[in-house]
Structures are given as structure tokens and as C-alpha cells.
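Below is a structure I'd like to ask you about.
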């Protein structure tokens, strides 16, 4: 069984890492603004395309590509906040309206990418070539990097929101906007900050994903669905709950693939998801009462 | 609904009813039929989304369930398409009851997420039950409608046009009646003032179950019609692009107004078709629809019907 | 004496519902002023307008010679006008110490925040005891202390307290009133909203009675009412 | 099934104002029904390019029988029934439409019946199983519908002889007759996988692993590969045709390769697959039915690909040349018949024709309206990727190289 189990666990870890990176961005915006950003996947895609253009077309190297890709995602994220989210603050159905506007943003970005870059597949070079041996299972160095990098990013995020002034201000705004404003926090600017930071996470995920999968205009669509499952499982609450849920889902998915085959895995995940919500309406790690 | 609006709706219906006598080409009639289908899905979605304030992201799944009900009944069980079409409404209502169980208890974004997951689950089931559903390929060559010797595919879509229009008209009338019933009023009251429910002892859970089931029936029926009309059922009906398109119709038309989404469905279908004829606009037309939706949400949150209402000077009563 | 705060002719409300109908109040440097009046007559709305949470439809607010009518709340806080809200729940999932640290947010408040933290701890020893506890686990009185503590961390040049003793037991209320008196003694200009007019009379120089979104009466040392009069003001003439 | 002659009789009355009859226009429109937006846009735009290239060439040469051509695109978008039907209706409604060409528009080819009802020339270049199922019941009812893709049966039966041939001539040493197979849940991959299993078991082989993945993006194949590594088979086959999935499969296989031949359906033929997998794919086998022949093996292919690269700046996949050839074949039919309004005659002429195309000799089976496969028809081409190049090693008459032992088996 060892020969199968270890690679499966590594798969689970890799999936969990990718989900954690994506879902933490979603969760960050949700906890700060109460907005669910359906354009998160499209921001990932945008980051990957910009990184590809800078790396491959302009030939400026992968490092420059990464910076440009993440930067582009951040700019797009802030623009979405300014144009598509900010006008609806305080309106009765803000949460639902912003679901629609961010969905529209994702259409615009994805279709726009298709117009600009054309439909042909692209791929970024890997950050590191070669292989690493994890407990006897060979894994590509690039994927190992993702497995190591994701927890590091999450830790940095945790440290940032817990220990720094601007990070704490994000949490403060998420918990009580009026009180935050009354101790001098610029609430709208904090919203932009949350969107920018979340978009940066999307960009990071995008460029990492862009070198293990082909880059297409729909690169972010599937991961977005998975990240949504993660945040539902996690209960959209804290960073810890989201990250925990990400790794639980990643492992579940890998083990389900092993036991049931890839075929039934998505259906089982969806059923599990709906079941979790029936019994725990605020998610697996969410608070029991609303 | 004011007298003006009722007159307007009646005039529109009469106008649409005489269209086939002037529009004789199959293509334009087809675009009308597709617009009626989308309009039916949109107005029913408006019941739960606009009037009920329930963000049911799985509404298009009811449509897909209707599509596959009709397709499976006619192919696997040789049921007459005349029975298969309304059967779509029944299965869609059953599905609505099932999804209402978790939805009744959930709040806000969780409603969005769980109904979205429901749509994805339907898609997965269709893909995995290939023997019955045809899997990713779908089911083709479904039987078409006939009355005696009269074949619906032999009249340049004359009869299909009226059938589609009838389904839409029935939907709109039923929904307007619901909107004006005590149930519709309590829906709006709860939507606008959640505390009202508690003070009046209204069961929000029961309301949600009712609203989901009510909005699913005609959606399933028109799904059945879609399958029989195009003679094919394929899994794209559960996809994101149809959901996005129809929800833009609801919002551009004006959520909660019933008539608005129907107008928007016609307008958007013809507008995107007009753009489809232009080389190089293939992606851009989707961008234009998305931008239009954003602009409407920002400039006229009540939708185009609200703009018309203001122009006509008759206040919108929802 | 020079004017610190001048609120003149403010009209404000929520949506289409007007609450304030041209209210005027003012405060001089070194002064403490009380506001009282029946609930729902616009006291909190007035404070929200002053601190920038609500934009008035008409009228002006001037703080220390600067027009802050349309300023952002963060800019108003940065100028030193600090407002501690009624029944402020603050940040439920944040620790006590963390909240106090964060409250020294504006550039002006950052200087000497450690000294001020020590002062807050001296004023409210309980906050020091509870430093690791999350705000939502605090009792009502402790929450009020934290709210005032946070306001002090902002380095106020004018401190507005909205019903700081609301819903507290007499013992706790006494404790808080003493702390507020302590703050006033240090020379921080205060605007305090309270139902307990007698406490206000001991604490402040002047009182405004706010009714129907207007100042119904201004009271200073020269026309201080007696207990019966206050009760009448509150409950109307026919309340007995 | 409806019958064409019945159809004409029942519609004769309305036909006078309803049926779009081709006017005697100087400009004949040629429709491309293709997914030019959405997830399959890469294929769709290549289809448009190929057809455009043919139209431009025909017009530059002065047109055919006094007519010049204009291209009209119908977007099949996400390939939903509504999108395909609407686009098809739009093209069919155009009275100047002479023919409609495609690689594929819907997954089910249901639009074939719409085309047949209007007696529209419709040349398809994919989904031959669906085309056959629709046409074979009553081939006479579809005189204008022809498939450039031959039956996929050769995909099922053609692999085993080639692999056993390699073992027989000593090119590779197969330690056992075992096969591990994984497929994706779409009709194309699944049908081929089932056919392969049947043909290998009939040949006395053991299928040790037979897995299925849902259709769509699959980034992680390690579950399947773990089973492969536990008990290494002689041959590993993946019939998932999506290039992204295939690339992930190959790179994950190469993390710890087993002593097996690796065969992947279709995906390695997509241009990007090579650019992106680089050395990871060296040694992998694939085959193609109806794909463009290598330029070294066919003058025609060299000519068409050369023109395509010159016009659009990149190597085409299979659909660019296919649509080019479709338009060219229609033009030849038009030249022979002369009257663009007589679409049935042109369709019947196409059915009788036998032409040299970039994919091989194009002739059609009257029973299924599919391109004829094998000798005198479309060959099943076997390729191996060798150091970033595609090498055709079977059949021999088209070969431009020979099989080499994959690097991981050396």
C-alpha cells in the first residue's frame, strides 16, 4: 500500500496548497467586506497571462514575469473594487449585487483575455526543474515548491493580519466598520487594500498554476469552483478555518481518487458539501450560530 | 402592476402573436423562440430572485432537469413529446423541493454557494450517467411534435413559435397573479424587511420552499420544450454561460418586475444575435452584455422596466 | 476662550427619513458639555454626523477652526475628534490589548502610545487583567471600559462619549463615572451623552436637551434645573 | 426518420416564401459553423483561418464558374444546442449561402439534420461516430452531408498490430502482454478506450488497469500512475485527448517512468503539446486519422501547411488544413456542376469524388458518408515524438522516420 499511499498524500498536499492559496484570497475579501468575489479565478488567469507575456514574449525572465503577473492582478483587483464594488456599499442587496458585478467582471476579463491573447494554449516555465524525493515518492521540484510555498504564504498572511497595523486594520474593518472608522481607519482604503491583497494571492496562484497547467482563458474557472467548495467547508470565517478546510478537501480529493477513482470524486465532493451545509449551515469550522 | 403596464403587456402579447404572419423566415422565428425560452427561464428566476430575494444560483439547473427529463422520457421510454414536455415541470419541482431543504435554513452567501453547488452536482450526475443521458455527448434526434399528420418541423417554426409564446405568456400571467396574491405580498414584505417575518409569524423556510417550487415548474416545462424543439439534450444547459446570460436578463430587465426580464430577454437575444453576425465580435458580445449589466445595476438598479416606468410616469409597484 | 467645536444648522437623516432639523451646539476649549433627551430624538445621529459617519444634508461642523463637515471619519480622528459609540461592540474577535494597540492608529496617536496604554491600564486595571481575552467575551462594563480606553488611545483633543454607562449595574456605573470624571480632570474636552442628568451636572459645564432633532433647551450653571424639572423634561409634563 | 422526398412534398406550398433559395448572385457565401468563442475557440479560429485561406485563394484565382466567394462565420460558442442551432439557422437563412463547412460545431452533430432539411452542403471534420449514427439509417436523405473524418474504428483496432509489429521486428522488447489504460468520460475517448480493450483482449492481452476520469481538466494523474508503477505493464495508454491533461500525464509519468510504451490519443498532435512538454514527451506514441500528413510525406500537405504558416504565422493543427480542403472540394463540385443553387447535385458530386488532400486520398463511403479509411483512403498515421519532433513511422508508404526506443526504456 505504501507505494500508492505516499504519492496520494503528496497529491493531497499539493491540491490542498493550491486550494489554500486561492481560498484564502476569497476569504480575505469576504471577511473584510462581506463580498464574494466571483472574479477571483479570472484574476488568477490574468496574472498568469501577464507573467507569460513578460517572461516569454518580452523575454525578461521568470522573476520579472512573476512580479508583473502579480502586479497586474493587484491592479485589476483594486479596479474591480473601485468600479464594481464600491458604488454598492450600503445598498440593501450589496452582497447579491456584488456577486453579479464580480461575475460580470470575470466574464469581461476572461473574454478580454481571449481577444487579446487569442485562444492558443500557453505555459510558463517552471521555477525549478528537476525532482525531489518526498518519503520515497518522486515529485517535481516545482510542485514541491508550491507545497512549501503555500504554507509560507499563509503564515505570512496570518502574521500580517495578526501582528501588523494595516493587517489588524483589515480585521477591524471586517468586524465593525463604524468602530474601525472611529479609531481613524480609512475604511474605503482598507477595502481597496483587501481587494489588492486578495488579488495578489490570486496572482501568485495563477503564476504557480500557469507552469504546471496550460494557460487558457478558463484557467481560473475550475480552481474557483474548488476554492468555493473550500470556503463553504471552512465556513468563510477565519484564515485558519479556510486553510484547514483547503487541506482537508485536498486530502479528501486525493484519497477519494485513490478509493473511488477520479470518476466519482467531484460528485462525492459536491454531495459532501451540501450535506455539510444542511447540518452545519455555517460550514465545518464555522461558528454554530449565525 | 398598474393599468398602463397591464395594457402594455397585453399589447406586447398581441404584437408578438401576429409576428409570424410578417416574419416568415425560419431564422428570425427561431431567434424569437430562443428569446421566449430564455424569457421564460428569466421571469421564473425573477420570482425567487427578484420577488423572493432568494439568490438561487441553481435556477438554470431546473431548466436543465426539464431538458433531460424530456430527452430521457422520449428516448429511453418512448413517451410522447407532448407528455415529456410537461413532465419536465414535475421533475424540476421535485428537484426544487430537494434543494429547498438545505436552502430553507441558509443565509445570504450560503444560499448562493449551495445552489451553485447543486447545479454542479446535476452536471456531474448527467456526465456520469452516460447510459441514460448520453454523457458529455448528450442525446440527439429526439422526436419532434406532431398533431395528427401535422409535423412541427415542417412549417418553418410556425407552430413552435406559438407554443413557445404560449409557455412564456402562461408563465408571465401566473407569476403576475402570484405577485399580487397575499403570498406574493408577504414575499415582498419579507424581502424588504426581514424583521417583518418574525413579527408576523411568517415562516421564511416555508416561503422559500414554496417560492423555489413555484419558480421551478414552468422553468422545467420550458426546458422540456427546449429539448423537443432543438431535438437534442446536451450538458451545456447546466453550464455557467447560460446562467450568466439569463441572470443578466433578470437584472437588466429589473429584478422583481416580471415583465422587465421578459423584455430584456427579447432585447438581449436579438442584440447578441445581431452582434453574432459581425466577424471578430464573437467574444466582444459577451463583454458588452456584462458591461450593460454593470451599468444598469449602477445607473438604474430597478432595471430598464424602471426607466420605462419613470418615462411613462407610472410608478413601479412591486 | 476659543471655540473648539461648532455645529451649526445641521440637518441629517437616514435615507429619506430626516432626524435632525437644524441643530446647533458648540463647545469651547477646556469645556465639558452634556447632551440628554429622550431616546430616538437624534442624539446619536448628531454624534455620527459630527464624527463623519453620516453626511449632513445641510449645516456645517467646524473643529478647531477647520470645516470638517464633509471630511472622512479617518481625517476627523486624525485631527483629534474622537467618538466612542453607544454600546460599542468594537472588534469581537480581537484581543483587548490588540484592540488598544490598534486604536493608536492615526499618525498623531502613534507618538507616545505606550504611555497612553499605561494610562488606560491605570484608569481601568481590569483591561490590563483581561489583555489576552477577546472583546466579545467581555462583560458589558468591561466593554465600555475598552471602548473608552480605545478612544483615549486615539489621543483625543475632544472626546465624545455616547451613553458610557448604559445598562450597567449601579456599582459598575459608579466605577465608570469616576473614571470619566478623572478624564475630565486631566483637561480633555468632553461631550457626554447620558440619561443621568445629575451625573452630567456634576461633570459638565453646560447641558443641551435634544428633542425632535433640535436643541430644546440649553442649560448652564445659571439656570440649573432641579430634579423635578429634569423629570419633566424627560417624560413630558403629563407624565406623572 | 424523415425522407427527403416526403419533406419536399409537404413543404412545397410554403417553400415559395419560406425556403431560402440561392439567388443567382455573383458572390456565393460559404459558412463556417465553428466554436470561435469560448473554451474551444482555438480550434474554431483555426477552422475559420483554413476556410478563409481557401476563399482568398479561390477569389484571387478569379472565382469558380463565374462566382466569387465570401466567408460568413456562425459562432457555436460554448457548443450548447441553442448556440449551435441559432448559428446554424442564421447561416441557413442566408439566401446566398452555398455551403457550410466545419471541423465540429456541437458534440453530437445534431445540426446535420437541420442542414439536410435545407439541402445545404455541410462538410464536417470530426465526430464521425455521431455522423455515422445519424446518416447510416437513411443515407439517401443526406445527399449534401459528407464527413472528412473516417470511421474511428481504426483507432480501436489499429494500435495493437503496430505495437506487436514493433515487438516482432525487435524494435522494442515487450516483457509481457499487459496493458494499463485510462480514459476520459467523453464519447470520443471512451469509445476508443472500449475498442482498444476489446481489440487487445481479443489479441490475448491482459488489461491490468482500466480507469476512467471525468471529462474536463485533470491536473493530477498520480492515482492511476501509482497503480501502473505497482505492476508495470508493457503498454500504457491514455485516451484523454485534452492536451493540457496529456501534458500533465506525461510529466507525472516521467517523474518515475516504468518500462512501458506510452501511447496517448490525439493530444500530442496539438501544436502546443510539443512546445510545452519539451523533452518530457520524447518517446511518446500517438496516432491520427484524417490528420494532416507530414510535409515530407505529402506534397499537398507541404503546400497547404506552407501557405497556412505564411498567412497566419503559426503551424496549424488538423482543422486549418481540413477546412481549407473542405472549401476546395466544394469549389471543385461547384465547378463540375456549375449551378450553385443545385446543391444536391454538388453534394452528390462530392460523394462520388476522390481527391488528393493534405490528409490523404479523400473518398466517401456511400453507406455512412464518412471518408474512406485505409488503402486508397485516409491512412491511420502512427507517430512518435523524438527530441521535440514528430516522426511518422507507420504506415511505411508515408513514413519519414522509424521508431526509436523511448529514452526511459533505454
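Per-chain numbering from 1; labels A, B, C and D assigned in written order.
Keep this in mind: a residue touches a chain if its C-beta (ideal position, glycine included) is under 8 Å from a C-beta of that chain, and two chains touch if they have at least 3 such contacts.
From a predicted model like this one, the values you see are computed outputs, not experimental measurements.
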item: Chain whose mean Cα position lies farthest from chain C; value: D
item: Identifier of the chain whose CA centre is least distant from the whole-structure CA centre; value: A
item: Pair joined by more contacting C-beta pairs (A-C or A-D); value: A-D
item: Between chain C and chain B, distance of the C-alpha-averaged centres to the nearest whole Å; value: 53
item: Centre-to-centre distance between chain C and chain A (centres being mean Cα positions), rounded to whole Å; value: 42
item: Chain C and chain D: spacing of chain centres that average the CA atoms, whole Å; value: 76
item: Centre-of-Cα separation between chain D and chain A, whole angstrom; value: 37
item: Per-residue overlap in chain A, given as positions that touch at least 2 other chains; value: 111, 114, 263, 266
item: Touching two or more other chains - residue numbers and ranges from chain D; value: 37, 41, 185, 214
item: Multi-chain contact sites of chain B, meaning residues that touch two or more partners; value: 124, 128, 283, 286
item: Pairs of chains, among all present, that meet the touch criterion; value: A-B, A-C, A-D, B-D
item: Chain B - residues contacting chain A, complex; value: 53, 55, 101-102, 105-110, 112-114, 116-118, 120-121, 124-125, 128, 192, 240, 244, 247-248, 251, 283-284, 286-287, 289-291, 293-294, 297-298, 301
item: Chain B residues touching chain D - in the complex, by the definition given at the top; value: 24-28, 30-31, 34, 37, 124, 127-128, 130, 134-141, 151, 153-156, 226, 230-234, 236-237, 239, 241-242, 273, 276-277, 279, 282-283, 286
item: Contacting residues of chain D [partner chain A, same complex]; value: 37, 39, 41-42, 44-45, 185, 211-214, 216-220, 222-227, 229-230, 243-244, 247-248, 251-252, 255-256, 270-272, 275-276, 314
item: Of chain A, residues touching chain B in the complex; value: 30, 36, 83-84, 87-88, 91-93, 95-97, 99-101, 103-105, 107-108, 111-112, 114-115, 221, 225, 228-229, 231-232, 236, 263-264, 266-267, 270-271, 273-274, 277-278, 281-282, 290
item: For the chain C and chain A complex, residues of the former touching the latter; value: 51-53, 72-74, 77-78, 82-85, 88-94, 98, 101-103, 105-106, 109, 150-151, 153-154
